[in-house]
Amino acid sequence: MAELHLHDVSVRFGGLQALAEVNFSLMPGEIVGLIGPNGAGKTTVFNVITGVYSASGGHVEYNGENLTGLKPYQVLHKGIARTFQNIRLFQNMTALENVMVAQHSRSSCGVFGAIFRTPTQKREEARIKEKAMEELRFAELDEFADEVASSLPYGHQRRLEIARALASEPSSILLDEPAAGLNPAESSELMETIRKISERGINVLMVEHDMKVVMGICQRLVVLDHGVMIAKGNPEEIQKNPAVIEAYLGN
Amino acid sequence: MEYFFQQLINGITLGSVYALIALGYTMVYGIIQLINFAHGEFFAAGGYVGVIFMSYLLSQGAPAWVCLSGSLILAMAYCAMLAMAVEKVAYKPLRSSSRLSVLLSALGMSIFLQNGLMLTQGVYDRAYPTELTQGGFEFGTVMLSYMQLFIVSLTAFLLVALNFLVFKTRIGKAMRSTAQDKIMSALVGINSNRIISLTFAIGAGLAAAAGIMVGLYYGSVRYDMGFVPGIKAFAAAVLGGIGNITGAMIGGFIIGMVEIFAAGYISGEYKDVFAFLILIGVLYFRPSGIMGENVDDTRV
Amino acid sequence: MKRSIMTALLVSAILMLSAGMVFAKTLKVGTMGPLTGPYAADGNDIKNGVLTAVEVVKANGGIPGFDDIEVMPQDTACEPRQAVATANKLINEEANGVVGAYCSSATLPASEVLDEESIIMITPASTNEKVTSRGLPYMFRMCGRDDDQGFIALKFMQEKLGAKSVYIVDDKTAYSQGLADGVEKMCEAAGIKVLGHEHVNQGDKDFSAILTKVKTSNPDVFYMSMQNSATGALMLIQAKRMGIKAARLAQDAVYHPQLMEIAKDAAEDVYLTFGYIDNNAPAYKEFYAKYQPKHGEPGAYSGYAYDSAMAYFKAVKAAGATDPEKVKAELMKLDYDGATKHIKFKPNGDSGSNYIIRKVENGKFINYWNPATGKLY
């Protein structure tokens, strides 16, 4: 069971304060929603956690370890996977290959093993493939395994991205607007998938604009506005919070 | 007809060499969008490591196959390491700079390596022990030398091995994904710096193999031998669709064939003109090259 | 008072030093040739030949009136533009005389620049006729001329080989193509059928297409006019592999120990036109003894470069100055046995051609056929 803590995390781009001393935690088994108006800094939070940006102040702690200075692939090795707002699949690879790539970090054989097909290597490939198929089944995409990613319908691509993130066997997953562009039927399928992820014991932190999805599955919410955390609490509390209402609706 | 077949054999042999060098250009371009001008120098360095080690083995009385395979492996390994070092010193620090800076760094590296080779190995041609590779088959007046057979079959083997590596293995998947989206690849756990390094190493290894084959086939190496084949192979990579592995192979064979047939049927004086005319012609109708864009799932 | 004595001492010390510098006179000789690029071997041969000459002169007491001889090697890369640039550099650095260049295409433009500044230039290697036919007063040539060389090639094909047909290949430089064109014209005039005249490009390594043509047309003689020995070696290796049976005749630029080093047995029985050099002449032995231990086997033009430098030093010594008019007058008076040939300049600056046919036998160049007598050596 993993714990993620943000301690006074600040990010600066030149003169722009993108995040100012953001503090919150993601506790074992939780589904937490990160919300706020456009430009509030939600994606920046994801980028700091995953090592794409480095914090100019404060730090991110995961399972008691400081993540400062780690590269994205190293953060992933610590157990934090993510998806993107605009889908970033490897468009020219098949669905299966997309998921298999994500297990690169979980395999041990080097180049020579890969070229010369050692028995260990063969076993490993087989294991990776089996694991990837499992994730595709989980995301109900197994029948599309050999389709090229770019040819899949939009909703499927979303789920494929999640399957890929899960393939690295993370203990936490960060979902960036997973419901964006989905129709209502696809949205409810997605909520079901997220619940299933949580049941596997994986913590979920999601940025989402679709309030039906947010209110439907999140246990806690964190609200950002212009890089500042203005509220946190359970959905009911947040809905009544005057600061949140002001941020969304303006004066 | 015999004349045609002889020229066909000549063309395939020359095309093999271009194809092997072109792969390095295309792989590196595919992964970091850099035209690695120093690539021709890996080819030359491979030729030199090959001749030095091969002469040593011969002087120790080693049998021919040991000399050939031993020096081939050593040269490929050496150039792979050289390429990784070059990438680390000259390109990696500029990863986030403009493409022009990296390009200039590549040009500088090319000059540096070529002059390094000149200073350490001298300006004179260095002879290869050609006695290993004499003889051949005769079909009427058509000659197929053992050396040509060796070049073509080694090239075929390396091409098949590379295709297997890129399309069938985990490393290959990592290379392809890094080529498509470096940040995303990092976010699914791929150390893209390592993959980039590896791509340089593989490209340079293939160039080193080409360097040895050229040394054996033509009989000598010289410090500046990387320049002309480098340009031809670069043209081949562009012709095939730069960034595309299959394209580079096809491009290499086309350039080799066009050169030989232009020299054989028109005039040796204009063979390069024809090779580049074909290049311009293809790019006019298909700006991304023969295999470019439309089928870029083969991109690395 | 004490201070003024110190000042006076210091001033006189400086005066003495600078006076010493005025009296220390250095003879500056530039060498020009390709030190990098495909013809680097030949350019270095020229430089080494000149260095050897300096060594010999110094060992024999130097040149009266000069404390030192400085060699300033310049890299022309065989390019006309770079040749002009290096010529200007030598002018700026006040070179007294120049030995070079190698490629005719470099010597021609460089000599125009040097001649304007009245700097004496002796080429050891540029055989193109134009080098001395332009009437430049300070241009001299130690080697032979291509028209003579082409004529000897023709004479050999006719008289010794009894050739009826020839296939010509050159590599498109002012020198190699000029010579090949000359040979083509002479062959046609003499009734030897020219089955083809092909060209390869600089930097090419693969000649298989052209050689397939040569093989298919089955000539009596395969005439190769290449700019250097390494290219010649590559062509010989591939010609052998291709199974070309024609007699192979090459020229002076292919003449180099490198030829056999690279081509090995593919170079056996190749004929070349090259100036006659008596390896047993005392002057040659002296040159060889000094050259070989330091720089290895002399290249095609090492000896000619040595003789060019020696001739210049002799003339300066006789003139007792570097004044170009005086040195020129002394150069014209020279009449002695050099390492490579008997040195006596003609009014146009040439020293005369003495081409013979050499042949590679058992990995060595031997004097083979004497065109003057029509007999074997």
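As written, the chain order gives the labels A, B and C, with residue 1 at the start of each chain.
Keep in mind that, in the parts below, a residue touches a chain if its C-beta (ideal position, glycine included) is under 8 Å from a C-beta of that chain, and two chains touch if they have at least 3 such contacts.
Note that the structure is a prediction, hence the values are computed from the model and not measured.
Nearest to the overall CA centre, using the mean of each chain's CA atoms, is chain B. Centroid analysis (C-alpha atoms only) places A farthest from chain C. Counting contacting C-beta pairs between every two chains, the top pair is B-C. Look at where the CA atoms of chain A average out and do the same for chain C: the two points lie 74 Å apart.
Annotation: 37 Å between the Cα-based centres of chain B and chain C. Chain A and chain B, compared by their mean Cα positions, are separated by 41 Å.
Those residues of chain B in touch with two or more other chains do not exist in this structure.
Among all residues of chain C, none touch two or more other chains. Put simply, chain B touches chain A in their complex at residues 161, 164-165, 169-174, 176-177, 180-181, 183-192, 198, 296-297, 299. Contact residues of chain A toward chain B in the complex are 50, 52, 71-73, 76-77, 81-82, 84, 88, 90-93, 97, 100-107, 109, 111, 114-115, 124-125, 128, 148, 164-165, 167-168. Taken together, the chain C residues at the contact with chain B in this complex read 35-38, 40-41, 43-44, 169, 172, 198-201, 203-210, 212-213, 215-216, 230, 233-234, 237-238, 241-243, 258, 261-264, 266.
Against chain C, the residues of chain B that register as touching in their complex are 3, 6-7, 10-11, 13-14, 118, 123-125, 127, 130-131, 134, 136, 138, 141, 143, 145, 147, 214, 218-220, 222, 224-225, 227-229, 259-264, 267-269, 271-272.
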